[in-house]
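The structure under discussion appears below in the form of structure tokens.
Per-chain numbering from 1; labels A, B, C and D assigned in written order.
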Amino acid sequence: MSTVDTPVRLQAVSAPDQPDVTPALESLYRGFEEELLIPLWTEIGDLMPAHPRSRALPHVWKWENLLKLAEQAGELVPVGRGGERRAIALANPGLGGRPFATPTLWAAIQYLMPGEDAPEHRHTQHAFRFVVEGSGVWTVVGGDPVPMNRGDFLPQAGWNWHAHHNATSEPMAWIDGLDIPFQYTNEAQFFEFGRDEISDAERTTPERSRSEQLWGHPGLRPVSATAGAPGSPLLSYKWSFTDAALNDQLALEKAGYAGTVEPGHAAVRYTNPATAGDVLPTIRTEFHRIVRGAETAPVRETGSSVYQVFDGAGTVTVGDKSWSVTRGDLFVVPSWEPFSAKSEAGASDSDSGALDLFRFSDAPVFEALQLNRIQKDA
Amino acid sequence: MSTVDTPVRLQAVSAPDQPDVTPALESLYRGFEEELLIPLWTEIGDLMPAHPRSRALPHVWKWENLLKLAEQAGELVPVGRGGERRAIALANPGLGGRPFATPTLWAAIQYLMPGEDAPEHRHTQHAFRFVVEGSGVWTVVGGDPVPMNRGDFLPQAGWNWHAHHNATSEPMAWIDGLDIPFQYTNEAQFFEFGRDEISDAERTTPERSRSEQLWGHPGLRPVSATAGAPGSPLLSYKWSFTDAALNDQLALEKAGYAGTVEPGHAAVRYTNPATAGDVLPTIRTEFHRIVRGAETAPVRETGSSVYQVFDGAGTVTVGDKSWSVTRGDLFVVPSWEPFSAKSEAGASDSDSGALDLFRFSDAPVFEALQLNRIQKDA
Amino acid sequence: MSTVDTPVRLQAVSAPDQPDVTPALESLYRGFEEELLIPLWTEIGDLMPAHPRSRALPHVWKWENLLKLAEQAGELVPVGRGGERRAIALANPGLGGRPFATPTLWAAIQYLMPGEDAPEHRHTQHAFRFVVEGSGVWTVVGGDPVPMNRGDFLPQAGWNWHAHHNATSEPMAWIDGLDIPFQYTNEAQFFEFGRDEISDAERTTPERSRSEQLWGHPGLRPVSATAGAPGSPLLSYKWSFTDAALNDQLALEKAGYAGTVEPGHAAVRYTNPATAGDVLPTIRTEFHRIVRGAETAPVRETGSSVYQVFDGAGTVTVGDKSWSVTRGDLFVVPSWEPFSAKSEAGASDSDSGALDLFRFSDAPVFEALQLNRIQKDA
Amino acid sequence: MSTVDTPVRLQAVSAPDQPDVTPALESLYRGFEEELLIPLWTEIGDLMPAHPRSRALPHVWKWENLLKLAEQAGELVPVGRGGERRAIALANPGLGGRPFATPTLWAAIQYLMPGEDAPEHRHTQHAFRFVVEGSGVWTVVGGDPVPMNRGDFLPQAGWNWHAHHNATSEPMAWIDGLDIPFQYTNEAQFFEFGRDEISDAERTTPERSRSEQLWGHPGLRPVSATAGAPGSPLLSYKWSFTDAALNDQLALEKAGYAGTVEPGHAAVRYTNPATAGDVLPTIRTEFHRIVRGAETAPVRETGSSVYQVFDGAGTVTVGDKSWSVTRGDLFVVPSWEPFSAKSEAGASDSDSGALDLFRFSDAPVFEALQLNRIQKDA
């Protein structure tokens, strides 16, 4: 626990909504300070705005810069007990120099050198990995080695033991998403160290994790499964399935049937096959494909999102900012900022010309607490 | 939206868990700063502790001091549009000089002079009133005037229009609890001004609100009720019911039957009669009665609470701090700090000699997101 | 298990929808019979009607006749182990001479002589008692004696031990409602004998059961309560609360506010205070008050109901039948039969002139399985 | 509605549990009959047994006999409006000569000649198709043609328009499962005729239905999906997925990991990808694979099941009956009858030697109403 008390400082100001500045008021305010009190009337504009005015700012991080710095860290920073992971987090410029992409979400690039292990631990923070490029690392979750390849999504609910192992002769990078800021702010988090070394068996390189063997079949649930811990028992959502699902939606659209979110915009949500809800109690993850030339209608939502460009190129607009983005770039959409994306013909490096976006957000928090609101064509 | 970007500042330090401080590392850190990045390995101790280490501090606010300052504010600070309410909030000394009792909860004394109105508005923040002394104010919720008397608890879920009116010739104080910090941090809040004046009909002084006529009968629900907005449709939980429920538990205990939480410790939770869940989506409220001489076993829980002493006197212990408390005093129990309370014979000003504690907490947030943990006899 | 097999009998008939009656068809039908097979095409009209066509028939049972026979049974039929209860059930004339009021519901008058005990047992069938007149019997549920007086409603979820005791010098009658037909048809039921004699302590005559001390306070839940067995932990819903809730709705209507189901028609549903859902997993119970001169709009619903007139008098219409009813009379509303009730001035023996109806139905079954449908102003 | 009232007939009998047979008792019983009343004491043994004693009997229907009769029906019985379907239902010998496989479930063989259509209709009864052999028929559900091939499972929730079309030059048979008895007994059912002819477009022969394009991807949900009607939006669970899921469980078992129900016994449950619950509100469906030589432990459950042998051969034991079964055979397991199955080496016609069993049951009804009970190693 912090042992330094923060003093309260109140300034009497002349303003139409504020009480007259008199010596008596000044004296009252000194009394408030002494007793650690703050009046609503000086704070209401900040605390109770007409709609969310995010402190988090829209911002883009370029993948090539991230990757370059991660590579340097690979040379300079060992991975081991204590530091635990060679992970480098986005620090939203509106959030006080903290490693918080948004008020609730952590987003980092993680980097593992050939043959390296990241030691086993567990924590209540919910996490996932998403692979924008490369392959060869196994995340070992509860003793189950899960391969990681481009496009794969690996959720990992809180309090599962996990470690990483790079089985190849190449370094590998991927992104980690966690609810670290949410659990930090709300003071919910627990952490434990696990084994320093994973076993040789866990270094094997199966094509599929055991979790996929049990839970990776559409609409089929193992009868042996019992009600489980929070979060998805399926530890990998392989790219081939995601890609096929998106293409199927676009094929339906082309044939004149419902399926896409809007014209040229296919999207799937990763779900927990044991509940059909979100894969993690605090984090929603989705994959969006915007076909060449299509543009999504602006949407405002309560809650914040982080996007990574998986493929293609285009322009994304968040509030009054727009950026050109390409493979690997990450950007933040703060609460209630209108967002739209446009897939730009020609600039794409994807086969299809589509702009492919991976998205994660804190929507489950907002929905569980009935704080979700959405405004389309914002 | 804030327009000032916060720079990232990273300091390379020599420590067993940290990479060697070299010019190359320094250069890497400058690169991180430029790109708004922060590595995990410098932050992990703060972000991922073994268990919650609250920034919020245990603290007690004495009612007599609060009330004195509220009375002065009654003289100096008008109530009207803009400032909206003459409410003075607890500022936890660990939370950066913000008007936050805990990371999630707002607690304030509100004060209304004879004949005064506080103007109508609504907001997504969930709120309640609890009356430790006095009477005579009506909270008008959605046009339904709800009387407020000592011991009454008035929940008021987000987005309901509400105003206050003091119908008497005496000032009145009470406490407000809200989830302002939670919605502020997560950027969820909306606010709208309502009518500047409430109608004469709303200034009437019924014994019971219409909500009580519809929903205030034990185990009985109006067939006409339709699925409603979040939060309890019952706008007042009158003291007589709470008091009787607590006494009934103690009578059961005396007769040898289950009912109390532990010997000498009766407790009820206020619930939404339409769902049997908490009265508000983000706030749990309870009333605890500890009989003369009894002491509760220490308990640690994730999530934070604010208590107000309703009656009696005793000693409360939070972590390594203990205070003597008496009627009206407010104190904070941060996340995972062990808490116990002892009812002190003789010092009490209650008839029964019991220590009566009103409690509110953010438990619904933790339960909805499966982050709740409890450790008894901590 | 029954050991007698039922043969299949198929008759080939000439009809527009049916195949031509030929020797080959006759031979096919004999083949079906041999193999225990029945074709859809001969049965579809009965099995798959355009809407429910109830085999159960609307019917009324007059209380005076029921009571007279129950009194005779009091003289002739002892209560003891084996027979278990002096209960006499309504046998719907459409349901094959079985003691089934409707396809899912059992309704019986139970009668206990002065000083008599009905022995303890338990069963998975969900049950309740409702008292139209008299007092003096205690139902002992799990060792908790629950007094029974006019207007009281006592739910008793399956698998709770229970016995009855008449502590007075007068006989007493009441009605029992159970889901015996539902559990019989679906073959779900278990039964166990309990103690032959209840203890002297259980023969005491408390004003309130312990369950009421714990759970009978509006909107308040004991913190000590843990997630429980199916069904309400509140074992008595006393008449004074029900009566007050109905009068409050009518007072709201008179004052111009919402609350009643329709003009002059107040209604409450008994709910489980631990879940806010129905008191029993398979049975819904409600109380309806129709003021003098008012008439309810016809309603059709899937599922069946049994009503008992608690007070007043009037005319009830079920499908194409109408009856004059008065205190104690029971009648059945089969599935999808339109129902309405009219309160008749002058004929009433209630103080208020209102027609008071207690209702129970199988609505929770229909809602849990998403089979509920309703048509107003049918 | 039936217009014939059923009389009540009561017989006074001498028995230890029964009242003395006297002229007064006989007269009382005549009074009961007149008033349509039946006492509990004469019925309790039948109505409230110690545990479920099923009227439904264990029974097996041989596929070769079923198919032969269905083929004859193909010659003699046209399919058209009125008769609607050439479906021939199992009539459990304990259930009064009704076309009920169990008290809740309908099971029938349906047969369609080359080029035939079964006309469009809809009903609240929940239904599915399961294909034990053959191919070539399309079930058109809400305009979406769904191909049917060996091993495919096609759920079809109530109130969806549907028709069948045989696009080939061969007849085809499959089994239909519905909750006709449950909805019949509880009087819940609605039915409507649809178009007499489906369109040419609906006679097309896609590889996959549109529902599979939208919902057939593991752990992925279309973002465009809105909360829907009861029952699975996925209209076909193709055999290749089911087969792979079962083999994966057995591979896990072989590698020493959890996954099977018990040694040599793999099983999957078909689930609704929008809820993760059962595919139909009233029917559970599962597929069980018992490897050569393995035997399942006896299990008793409340509720009834129908099984069809999909492949292999073996011995199944239900209560005190045992049968040798082979491909296509159907058998019934009544409520609370112990069931076990043994896969018999050598007798099998499957490649793997495993006994493959498709199962459907009324478990969702029992679980929704908290009436489910299970006893393992019964």
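The definition used in the following text is that a residue touches a chain if its C-beta (ideal position, glycine included) is under 8 Å from a C-beta of that chain, and two chains touch if they have at least 3 such contacts.
Each chain and its UniProt protein: A, B, C, D = Cupin domain-containing protein.
Bear in mind that the values here come from a model prediction, so they are computed numbers and not experimental data.
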*Tell me which chain's centre, taken as the mean of its C-alpha atoms, is farthest from subunit D.*
B
_Averaged-CA centre spacing for the pair subunit C and subunit B, given as whole angstrom_ = 44
*If you average the CA atoms of subunit C and of subunit D, how many Å lie between those two points?*
30
*Centroid distance [mean C-alpha coordinates] between subunit C and subunit A, Å*: 53
_I need the residues of subunit A touching at least two other chains; which ones are they?_
none
_Chains as vertices, touching pairs as edges: which of line, ring, star, complete or other describes this one?_
ring
*Which chains touch which?*
A-B, A-D, B-C, C-D
*asked:* Quick check: in the complex, which residue numbers of subunit C touch subunit B?
replied: 210, 213-224, 232, 234, 237, 241-242, 244-245, 248-249, 251-252, 257-261, 267-277, 279, 286, 288
*Given the complex with subunit C, which residues does subunit D contribute to the contact?*
1-2, 5-9, 16-20, 22, 24-25, 28, 31-32, 35-41, 43-44, 47-57, 59, 61, 65-66, 68-69, 72-73, 75-78, 81-99, 103-104, 108, 123-125, 180, 182-192, 230, 281-282, 302-304, 319, 334-337, 362, 364-366, 368-371, 373
